[in-house]
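Heads up: the structure comes next, in structure tokens.
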């Protein structure tokens, strides 16, 4: 199976890249392996408790993608700086109690692993 | 698997950004390019971008509607923009770039 | 501060800034003299007939219409450059040349950039 | 006493505006009233638990400003969208359990109130 | 309190951005401007910006050092950039703009 | 993917993007052929003698030096435009014209934009 990796650097709502990534991933998941690496501000995307009055919850969208098989990882350095701390234990596919299920904090080395194993890569920076 | 000899470009930035200009430079060099406009990239349609030999342009319907950009000639608006793009990127194109 | 000029130079929908600028301008209306100045990519906001239902985000032209008392200045050179001149535009806005645009910024007590 | 209001729209680390705002506010606080309104992504600034390895914690900086008298408020709509919920009770000067002390979530109307009562306004957008 | 007749501009964007160009347009119209360069705004010193009659330029020392921009003539680098800026903005200038 | 091209077109220090691109490029070095391409405002990264201690942020030129094996291409026209040509530059970088810059992007398996 071919693999697509999507790299995001923006947080939710401020730009539409979380939503565009989601549409790309939804379509790709029907036939391909999809990886999403959350870098820089994108580590805010999986935060629990989002109640956007006028938008779709980015956290809900991404946990939905994880449920459908997308591998979603957040950069540990970026996450820790922004207050999302990786714990030893993984519960519901996540090692961060502030994150939605299925989304894990990992080292940046995981990005290079994802890239090296991918057939296509998409980056969506602001 | 045989890949057709074209490159695809997903552009989500509006005109006048250095990044979109870089994207268009690469597309012009490709000789056989498919430009996929989504998000603010669809504003390029107001600047008169259009399909030419060796240069196909696709635009995303929901982004056109949100931004009040009416139908344009010489541009393709697929029913499911993202499905077409993913298929094209994963199966058919030579190189893929996103800006 | 008795007057505030909100400067928006970012395209609508691609970022939350247009929505943010509109909301901020709207809440200031009862206290201050408010101008929303559209410059650069901000001028895309005035295209008439926006329909954002399929994107699932607020319709920004509806917000503009619902605050008819908001003074909206559009930097004409930016509009020209972007190929918007032949398009149907929202009627409640004022197209101004660069001189008038800059003068409106200068005559406001403060400028907030988005 | 004259009043300065600073409006921020970026989150911490991704841009240097949180730090620049802090330097401006530090200097202004010696003689003036300082208000800071956190709008759009800037509502991430006061999040507890930030552990930046290479930068100064923006949350610590801003809670420090609040302690010195700065009035710091975050937009309720932007905050809720990003998972920061205002509670009825105010503890340690904050009505959000995820926020550092001294920083409150309020309505956007507070921005217009701040502006109308200010002698000078600074906005620092990316 | 008497205010001197000059305007101040805090610019934190690098050259070539539409926003910094708008800032410089306003400064040029002012006739008596003080341009405070901080953050990426200090990159303007590489573009040869300098003080002229009715146009003073201040730059932030720590931002110059980080970005490896050496001493420039015809530009003022105060010991405490932000203290000078705040005093100027709150007490002396006519209008204040930040870009 | 055997090769990756990191494109940085944002100025250092003003945003975290330069730091992010450098770190991402560095961790890819052992697995892939990595090129960091500096374009537009990204070229400011190559000024020699950066000292970020007073800003309290990482010194980005030190990071560049400590990954000597990283191939860094600098888009010469961007450098010229920004008045950096007379300045002392970090020696480990390669100045290339637009043709070579675009060709390096085309010959990489993927391009990641920052």
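Chains here go by letter, A, B, C, D, E and F, matching the order in which they are written, and residues are numbered from 1 within each.
The rule we apply is simple: a contact is a pair of C-beta atoms (placed from the backbone, for glycine too) under 8 Å apart; a residue touches a chain by one contact, two chains touch by 3 or more.
On a predicted model such as this, the values are computed, not experimentally measured, just so you know.
Considering every other chain in turn, the ones in contact with both subunit C and subunit E prove to be D. Interface subunit A/subunit D: over half of the residue numbers present appear on both copies, so the contact uses mostly the same residues.
In terms of their C-alpha centroids, the spacing between subunit B and subunit D amounts to 40 Å.
Rounded to whole angstrom units, the spacing between the C-alpha centres of subunit D and subunit E is 25.
A separation of 28 Å divides the Cα centre of subunit E from that of subunit F. In subunit E, the positions touching at least two other chains are 12, 16, 18, 39, 96, 98. In subunit F, the residues touching two or more other chains are 13-14, 16-17, 40, 55, 57, 110-111, 113.
Shown for subunit D are the residues that touch two or more other chains, namely 13-14, 16, 40, 54-55, 77-78, 119-120, 123. Contacts between chains, counted with the stated touch criterion, involve the pairs A-B, A-C, A-D, A-F, B-C, B-F, C-D, C-E, D-E, D-F, E-F. By the touch criterion stated above, subunit F contacts subunit A in their complex at residues 1-2, 4, 16-17, 20, 23-24, 27-28, 30-32, 110-114.
If you check the complex, the residues on subunit E that touch subunit D are 10, 12, 38-39, 80, 82-83, 85-86, 89-90, 96, 98.
Across the interface of their complex, subunit F is touched by residues 18-19, 22, 25-26, 29, 95-99 of subunit B. Those residues of subunit A that touch subunit D in the shared complex are 11-14, 40-41, 44, 47-55, 59, 77-78, 80-85. Against subunit F, in their complex, subunit E makes its touches with residues 12-16, 39-40, 43, 46-48, 61-63, 65-70.
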